[in-house]
Amino acid sequence: MLRSHVLPVLALLVLLCIAPLVFYPIFLIKLLCFALFAAAFHLLLGYVGLLSFGHAAFFGTGAYMCAQALARWNLAPELALLFAVAVSAALGAVIGFLAVRRQGIYFAMITLALGQMVYFIYLQAPFTGGEDGIRGITPGHFLGVVDLSNPLALYFTVLAVTTLAFALVWRIVQSPFGMILEAIRENEPRAISLGYNPTLYKLAAFTFSAALAGLAGGLKAMSFQIATLVDVTWQMSGEVVLMTLVGGIGTFLGPVVGAFIIGGLEQYLAQSALPAPVILGAAFILCVMLFRKGVAGTAKSLLQNRAPKRSTPDNPETQATNRIVK
Amino acid sequence: MKFKPIMTAALVAGTALSALPAAAGPDAIKVGLLMDMTGNYSDVAGRGSVTAAEMAVEDFGGTVLGKPIEVVHADMQNKVDIATSIAREWFDVDAVDAIVDSNMSSAGLAVSEIAVEKDRLMIMNISGSPRFTNESCNPNTIHYVYDTYALATSTGKAVVRGGGDKWFFVTVDYTFGHDFQAQAEDAVASEGGETVGSVLVPLNASDYSSALIQAQSSDANVIAFATAGADTSNAIKQAAEFGIGQGDDRQLAGLLVYINEVDALGLETAQGMLLTSAFYWDLDEETRAFSERYMEKMGKMPNMSQAGVYSSTMHYLKAVEAAGTENYAEVMAKMKEMPINDFFVKDGYIREDGRMMRDMYLFRVKSPEESTGAWDYYEKVATIEAEDAFTPVSESRCYLLKEES
Amino acid sequence: MPKSAVPTWGERPMPDPVLSVTDLHAWYGESHVLHGVTLDLKEGETLAILGRNGAGKTSTLRAIMGVIPRRSGSVKIHGRETIRQKSHAIARLGLAYVPEERGIFASLTAQENLLLPPVISPGGLAIEEIYELFPNLAERRNSPGTRLSGGEQQMLAIARVLRAGGRTIFLDEPTEGLAPVIVERIAEVVAMLKTRGYSMLLVEQNLAFAQAVADRTCVMEHGHIIETFTAADADSHAASLQNHLGV
Amino acid sequence: MEIFGFPPQLILGQVLIGLINGSFYALLSLGLAIIFGLLRVINFAHGALYMMGAFAAWMTQAWLGLNFWAALVIAPLAVGLFGLVVERAFLRSIYHLDHLYGLLLTFGIALLIEGMYRYWFGAAGKPFTTPDVFRGIWDLGFVIVPKYRGFVVLASLVTCLAVWLLIERTRLGSYLRAATENPDLVSCFGINVSLLTASAYVLGAALAGLSGVLAAPIYQVTPLMGTNLIIVVFAVVVTGGMGSLSGAIITGYGMGVIEGLTKVFYPAASSVVIFVVMALMLLLRPAGLFGKEA
């Protein structure tokens, strides 16, 4: 399991290291932030089976808190990011406490509603500056040495932080904690009978996911030097769902692939005559109707089918596409 | 191994997607517009603003300093990150010389900072945030059409002068609304009027009946809406329903109303409302001449921001010609030096803080009986001098003005 | 008394099978639950299917009714192939389904439950007849369906399909969880249905009940029918039956 | 006399106004509940269908030259027909999947519809005025009610009652209720459940369309009018639970009134009050006020 991921991950890292030769660093930073955001969302969907429709609340909280710390308190960037993560995690714990009481579509509706509530709170809170957003951010020096005003330095800092965050996600998924989460997803009553408290585990996962989403938001605010309402809207929550769906639910790299595709698609739509909302809506419909495994999932099963040993009629992959949550 | 092909594919796709359309040679003069082409603001800006910029280039003759002039535009989808990354690419790769409009104040402010960083020029037409010429002012940015301070002040002063001296505010409950109301209250007080009450309503509240009942039970003779967009439309529509402002002794004042919103409401509903605008298509021969040409292309009349895009683009091109270079500093100096006289603005000038100073107009929306046809919506009630409408130098929070004084 | 002239059992020497199942396979998702079931039910006959829990008895009924979406093989009803048909169309060929656990709807009153199945062929009992046969139901007609006692619910489940007019009745464990007195009453009802000429496919775990009413008996295990015998041979199969049912 | 420093007239007035908002919440959550019952799909496209109803009303006036009453009939039919197409073309093929896919699919459909409408009709929307009969206001002394709003409350009450009767007292209704509990068994009785499911979606869509027509004279008819509403209605649905239709109706009206009162006592919270009530309900009774499932 681990070995099968080493090569693709290394290849991806190498590609990301040489990517600034071809792409704009700031565009790549955006993709990395989205990828981390999608991974945070997917941690909950893919491993706990909970679809949150309000994750923008944490992404936006991260962005606002990091911006607040950098612009008004002049904190060092690493401290600003930690602050963003802490507040997002706290918010995650509160929202999670309410939301994990229900499952499936109810969980989705509850997170959507609570996310909208968070949006209204930020809208009305004076410190967010309404439509103008929090501005005047000077990113400063990361860990006191890396000058973040240099785009490449900024890019590699963001790359390093996201890579660490991904490694952490990987560790967690593979840890006993991650195993218990999967056990809960597969068969909750059984997990209870084994003496685990599913609610507690779900809440922990939710909080962790919120913290990661906050980190992604904080990185974005630090890099773009602005935090705005856009990052807290339900549309943003919808977008991260789409990224994960396109990339492939249930695959470790799926959210990354999805974030890159949707981020690239938005950039492409900006300069085309096609109406972006219509295209995104159509992408949703297409993915649900015809492409439930997503890019990574489809590629994975294509590769597996090439190896005849692994292809059996009872392939769990085919079953997995019928359900998100058991 | 198994993920490598996916990643390669994703990155190749990414390359293809983010690749820009082939640009003309570097020695073209390029102006760019970052518009919401398909979202909430696509009516008030969008394709219409791009068309206005294209008309300006065409009318200018298509070339300046012997170079072709090109208009580029992008759908920023109301996302700050898209707007800023495209602005960077435009400045760096496509050698865009000036960005002549951007939706959303947050995106506009960010783009304005990028313009400073890249030594280019930015003109704001659609957004009304006073920050552009206050806290966030810079030598690279011009705020051309209006700002919320001017709208609130002009409406406040002109309406009190016309006899509406007791004000009740229906205000959207966030920074934008709070500032908007405060500015209007100051203006009302400066002319001897008073604020008798106010009520806060949430953004996107859709139902205003509660606020309207409170307004109705006050003894105000002016009910002002410190709101924007769909909120204003809903508030006005429901005011008509409650019989406020139609046939009673109260007047409605919309602090920020685009003609597109009046068109969408219909005169039946909007009649009698007072509003301030920098432009109306049917003011004189010149405005009609431009607007009818625009109408032929777009199927609707231009609003103040769209007309502003034409006027500011034209002024920019004239300044390039006069300066003999596209260097932003020299062009900016010329823009600030040359007076502006066209259908959009008479004797306008650009102040040191980037504020284009122009007269504002108070309009009253016609009743269906008064209207002679499509788009015949406004009757001019008053003119507010530029110095009376915009933030005075003494109150400015812009460092560029502080240095001078 | 039945209103229409229907052939009663034993009148013809070789009655056509009303139901003929050949090599029926069925799957729930990925799990293969029926592995080639073959059986037939003759006009007016009562056929019992016995077997342990999970042997595929209920699945056989459900597969015949077409509510298991993935199935293959052949199911002919009155000679008509139905393997590709939708369950509502299959039901309209004259099947009357009395599901396990009775399937009484909680959100419907007893009377609404009774009136729910649309009349699929003439010859069903009128509501007055039903209330005559099951006076308890008449008393409780306005109670929510699931407030009825287990026995009443079972009567209701049978009564409602009688009203619809189907002449081939599928009874899925009608005695499950009922007191012996009630089981006796159910047996009376089933006997009455036999005299009226209904064909019945009975799924049971209650051996005594099944043997009291069945003309023939099939034993199922692991999604197959492993043996079939007539009521006359029942005694000689008693030992293997005990073994298969694990009584 | 005053209640917490507010004149009782004001409070009574706000309760009445709240009932009007509640009318829309009730009609929409009723439609959602009917659809959920049979399809097990939370219809994210409900807000878009509501918007389509309002636009359909505008079209019957602007394009067909018909009056409000015609719109009141035509628009729900048109939206219902559209619902039929959506159900047959998309929803039908995902019933066997996890219910979350239904949510995602209808979310995509909502984005698509709203995007198309914005593309066709512009973001500012279209004019629609109060029908002449309902021009003007009733001054009840303690509150002023525009006549049209009185009509809205009446129309929504009548509609809710009619739908309730349809489902609780008719044969079709008993099919629907039974199929909600056990669709397989219902189909074993010879009832075409697939058709029933389609009718449930059509009925829910038509109710959303009807709300749209009723809303058109009050709210600006724009492509986004349903977007924010649907999130509030979701909160209403979570609060009420999916247990019963009457539950959906009562919670809808109740939440409207609570929201109305908040506008008097603490206006700053009026945008979040419904979400707060939902959060409290989750603490006290996770299944919702009328919810049955755990």
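As written, the chains take the letters A, B, C and D, and residue 1 is the first residue of each chain.
The rule is short, and it goes like this: contacts are C-beta pairs under 8 Å (C-beta built on N, C-alpha and C of every residue); 3 or more make two chains touch, one makes a residue touch a chain.
Keep in mind that this is a model prediction, so the values were computed, not measured.
Counted by C-beta pairs in contact, the busier of C-D and B-D is B-D.
Centrality annotation: D (chain centre taken as mean Cα position, compared with the mean over all protein Cα atoms). A straight line joining the Cα centres of chain C and chain D is 43 Å long. A separation of 36 Å divides the Cα centre of chain B from that of chain D. Look at where the CA atoms of chain A average out and do the same for chain D: the two points lie 32 Å apart.
Rounded to a whole number, the gap between the C-alpha centres of chain A and chain C is 53 angstrom. Multi-chain contact residues of chain A, defined as those touching 2 or more other chains: 120, 124, 275-278, 322.
Residue positions 96, 115, 118-119, 228, 268, 271 of chain D each touch two or more of the other chains. Multi-chain contact residues of chain C (touching two or more other chains) are absent. Against chain D, in their complex, chain C makes its touches with residues 62, 65-67, 69, 86-89, 91-92, 95, 97, 99, 103, 105-108, 112, 115-118, 120, 161, 164. Chain contact summary for the complex, chain D toward chain A: residues 42, 90, 93-94, 96-105, 107-116, 118-119, 228, 231-232, 234-235, 237-238, 268, 271-272, 274-276, 278-279, 282-283, 286.
Only residues 38-44, 173, 199-207, 209-211, 213, 216, 230, 233-234, 237-238, 241-243, 258, 260-261, 263-266, 268-269 of chain B touch chain D when the two sit together in their complex. Those residues of chain A that touch chain B in the complex are listed here as 4-5, 7-9, 11-12, 15, 19, 22-24, 26-27, 30-31, 120, 123-124, 126, 128-133, 135, 220, 224-226, 228-230, 253, 257, 260-261, 263-272, 275-278, 295-296, 299-300, 303. Of all residues in chain B, those touching chain A in their complex are 1-11, 13-15, 17-18, 20-21, 37-39, 74-82, 84-86, 88-89, 92, 104-106, 109-110, 113, 129, 131, 136, 173-176, 202-203.
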